[in-house]
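Chain naming follows the written order as A, B and C, and within any one chain the residues start at number 1.
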Amino acid sequence: MADAAIELIGINKSFGPVRANRDIHLEVAPGTIHGIIGENGAGKSTLMSILYGFYQADSGDILVRGKPVSIQTPNDAIATGIGMVHQHFMLVANFTVLENIILGAEGSALLTSSIGRARAELRRLEQDYGLEVDPDAVVEELPVGLQQRVEILKALYRGADILILDEPTGVLTPPEADHLFRILARLKDEGKTVILITHKLREIMAITDNVSVMRAGTMVATRKTSDTTVEELAELMVGRRVLLRVEKDAANPAASKLSVENLTVRDGRGVDMVKDVSFEVRAGEIVGIAGVAGNGQSELMETIAGLRRAVSGTVLLDNKPIDVTGTADPGELRDRGLAHVPEDRHHVGLVLAYEEQENAILGYHDQAQYLKGPFLDHAAIRRDAEEKIAKYDIRPGNPRLKTANFSGGNQQKIVLAREMEQDPGVLLVGQPTRGVDVGAIEFIHKRLIAMRDAGKAVLLVSVELDEIRALSDRILVMFDGRIVGERDGSASEGELGLLMAGVEGPEAAE
Amino acid sequence: MDFLPTIITVLDSTIRLSIPLLLACLAGLYSERSGIFDIGLEGKMLAGAFAAGSAAFVFGSAWIGLGMAILVAVALALVHGFASITHRGNQIVSGVAINFIAAGATIILGQAWFAQGGRTPQVSGPGRFNAVELPGAAALRDVPVLGTIYADLLSGHTILVYLAFLTVPVTWWVLYRTRFGLRLRAVGENPAAVDTAGISVPWLRYRAVICTGILSGAAGAYLALAMNAGFVKDMTAGRGYIALAALIFAKWRPVPAMFACLLFGFLDALSIRLQGTPLPLVGRVPVQFMQALPYILTVILLAGFIGKAIPPRAGGVPYVKER
Amino acid sequence: MSVPYAKLPRWVDYGLIPLINLVVAFAVAGLVVLLVGENPLSAAAIMIEGAFGRGQNIAYTLYYATSFIFTGLAVAVAFHGGLFNIGGEGQAYIGGLGVVLVVLNLDAVFPWYVNFPLAVVGAGLAGALWALIPAYLQAKRGSHIVITTIMFNFIAASLMVYLLVDVLKPLGQMAPQTRAFAEGGQLPKLNWIIELFGARIRSAPFNISFLLALAAAFGVWVLIWRTKLGYEIRTQGFSPKAARYAGIGEARIIIITMMISGALAGMMALNPVMGDQNRLQLDFVTGAGFVGIAVALMGRSHPAGIVPAAILFGVLYQGGAEIAFEMPAISRDMIVIIQGLVILFAGALEHMFRPPIQAFFASLGNPARSNGAAREGQA
């Protein structure tokens, strides 16, 4: 058998206390498409960044075509014939396709000859691989699918024969994704080796020859794609974890508190992130939105919270509309009883440079209880913070300590205490336990159930499927901006996993 | 009434007054296109002027003056680079600091070395850049219109004037026709793209600020050794900021930069020429209004009322390697 | 991957590091003194003697400091809102216009204690309005406030020259300045306070606007740390995203912050115009607006730091004048260098000495605990 195109031996990488990769072994056969699948945070991107010279492994060896190599910088990777298509494209937006392609591989100090050479080479690559793109088009004016093609061309132009694609279909429409797969198949036929990082099982089954599964920083299995099934991979991906159990009684949902109808949200690039979504959340229930990160959950949440504008659709809070396409403002929504625990507590939910007690009033700082005329009532703020610290067991219990000095779990408790203690009718919660220690997770989950039992409507977004299953009374699964299924809280992991991967549901039927 | 000589005179001084702006503006172009904002052009130009005046006096050579001006301005540019590239400091703060250091140091050193109240001694002869007569200028002077234009407007400037104008196509060529220029433009837009392409972002940016130093030094040398006969304190008089305004006005492109500088130079020349003279239709225009016009125009441009000046996307943001 | 800032004791963060930055700035300034052939230590001695040696000198030192407190506060308030107001110079200049509009009309009508509050309003309002346009353009049209405020400095300079030469100058006078103010436009001196301590002062412009400056410093402290508006300004300055989440209107905060900043810069005009020159002259601001940048950076944008920093620069201005007498090679422009060095080391290079200091503290035996905010496992 020929040498492996890539062989990784015992790769370890830690970021501070987090071990992103532990003792990874991986062998990629030449001329194949090798999928690497795993949940968000499983360590796939870190591993590939090590291979591309972005990070250095703490220990371990890399062999390319059987020879040990040292990859310290992207340059080393390029020199060994490794190319990478990043999840966020590394393109200069106002450059032409040609300029982007030659950047860093100009060949000579003057561009005139490089451009000419590149143009000819580009034509050849186009013909060989079916990668048509206008070399003189300005990149920012191209659709996302074509921009990605430029990224691929960039790698090929540099002579890459091993191509890494990091979540390449995340930004593509289904037809664009299909086209990409045809390109990848063509590349394989021409003898290139392709490593495809994804969390979408459907893609793995559709295109790869072999698949490796990562979970929590380790490589748990490698299979021939033809010998495995979606079910097996889904199980390998999620693993048999200690199930999170939260004591809870059956829900007693009452009247609708929050109702979303035909909501569509577009992001800054003009891509529809939320597509015609409708659902409702009733008093006394937790509705969980499951989905792999980047499928529109964040945008949905931000839009309901007034942080982002919708293109169309209506949202009713207590049967009264929120102006989601126009002037909705977080302050106004708070006054109407909508509280929001944002996903990004470091930049949105908290000001890390603030003292704990200053964060404890963020967004509620114009309430009379914290003010004396135009002045902040520090005594009242202090008292209020101390009460919350006691009630939520926030440690260290010092309201004057800088927020940056609290642990992730305690920071999250600061946010939760602030939002929950306002006694809101509706609570939006994004990734409540991301970066939170185990003890705090249990506490936070109990609090959320208590909110529900107190008759509040809770909308929960989380990429942790366990969490969604443990807490939710109803589960909505989002994929590619749409709600592709609704299940009750007892739905099985496998069932939800398939929906999340876009294997079942309306999307897959296309 | 003979209009031609008047027009020629105004245009002639337009050229003279535009040159320091042009050199400084092109200087700023290199730095800002690479993503390093530079409001320290004023200071580098001033320090360059002082170095030029001092060295030209000491060595009696304008060229040595120019060389020293470039050395000193590059040194200051490297300080700016050290703060904003290596230490990822605030680029605005760093630029302000350099302006003050230059403003103070030129006077202190000038006084200490020459004791003429912050001036450098007058230079003359080979210590200055003197007017260059273009071939045939004398012979063609009497040809109506075209001859006059050639002899009185195009001919008779210092070598630096011609070099400055030459810098415009050269800069254009460097920016759009060389590898360095391609990378420079890329790093100002998306340093991550440059980094993943295996190119060092800091080294690229350092080279850009060195170019800035060279040209702002030349701008200073022009002020001290061509426009004047020695250094006078604060002789830049805000030209570094006007150059910055011209750069914005030109949307960070070399050829429009030349026209912006000529426009601002023309306004300056006109305000000198028109002092107190009433204009048809509008009457007497206060000279101060003419002086403020470049700034007013720039503000209006920045407000997006006449086109939109979009700075290099990565400008002002230190590059932190992270995914 | 950059090392996250390990925790350092508070006194290191707010005391030692700024001090080191300052010492380095002065050491480099000392090198310049050496370069011109003088002894830096004796220069420092002359400067301190010149600033504090006699009552007269102290009065001058505090007179200069008054202006710098105003402009330092102006820069600091904007910093808190995440804005760099480099236009203090122009706002102060226009502030002078606000002063004379009041004084030229009322100085013969009312006594100073009636005119002073009106002039404060006039100066503040004029400065605020001059800051309003760049603020509005930043808030509504995204024009970079640093560039627009620089432009507005030059526009202010041209406007004031025009007004002084063509409008405000009395007929038959040569110098471009207004007429001298009558009694009602002149602020009482505070020199007697210094004389209480036994010093004698012939004449010095140290005047009552110093008290206004101290009041303004206190007011800024109250505003920033004790009011709801200040909370909103700081939130916007620290994290525009968090401000948006908290329902704080960005445009509103930018405009209000800049107007407060402009008003403070404008009030600087009271000190020289009503307190010293008793007329509006060309270029009366003489760089005080820019000194404010150094003062704010050195004082870490806190009034308790700004007042001493302003006094330090008062010392440099007054003491620098004395050095110029004793050491002809050194003129007062030495201060401008020091100002630049302070801005460089306390501003642009403020973190340069952090890593070595961190390493030093780590080596003291306390194994540096990793930053509280654990890295999120986004791999």
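Throughout what follows, contacts are C-beta pairs under 8 Å (C-beta built on N, C-alpha and C of every residue); 3 or more make two chains touch, one makes a residue touch a chain.
Since this is a predicted model, take the numbers as computed values, not measurements.
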Of all chains, the one whose CA centroid lies most distant from that of chain C is A
Going by the contact definition up top, give me the pair of chains with the most C-beta pairs touching. B-C
Roughly how far is chain A from chain B, going centre to centre by Cα mean, in whole Å? 48
CA centroids of chain B and chain C: separation to the nearest Å works out as 30
Rounded Å distance between chain A and chain C, as computed from the means of their C-alpha atoms: 46
Going by the touch rule set out above, which residues of chain A reach two or more other chains? 45
Note: chain C residues in touch with at least two other chains are 1
Where does chain B touch two or more other chains at once, residue-wise? none
For chain B, which residues are in contact with chain C within the complex? 39, 79, 82-84, 87-94, 96-105, 107-109, 111-113, 115, 118, 238, 241, 244-245, 248, 286, 288-289, 291-292, 295-296, 298-299, 302-304, 311, 320-322
Of chain C, residues touching chain A in the complex: 1, 7, 222, 226-232, 234-235, 238-239, 241-242, 244-248, 370-379
Would you pull the chain B residues touching chain A in the complex into a rising list? 176-183, 185-186, 189-190, 192-199, 313, 323
List the residues on chain A that touch chain C in their complex, please. 15-18, 20-21, 40-46, 55, 217, 305-307, 329-332, 334, 340, 342, 344, 346-354, 358, 362-363, 365-366, 371, 374-376, 378, 404-408, 411, 434-435
Going by the contact rule set out above, which residues of chain C touch chain B in the complex? 1-2, 32, 35-37, 84, 86, 133, 137, 141-144, 146-148, 150-152, 154-155, 158-159, 161-162, 165-166, 290, 293-294, 297, 328-331, 333-341, 343-344, 347-352
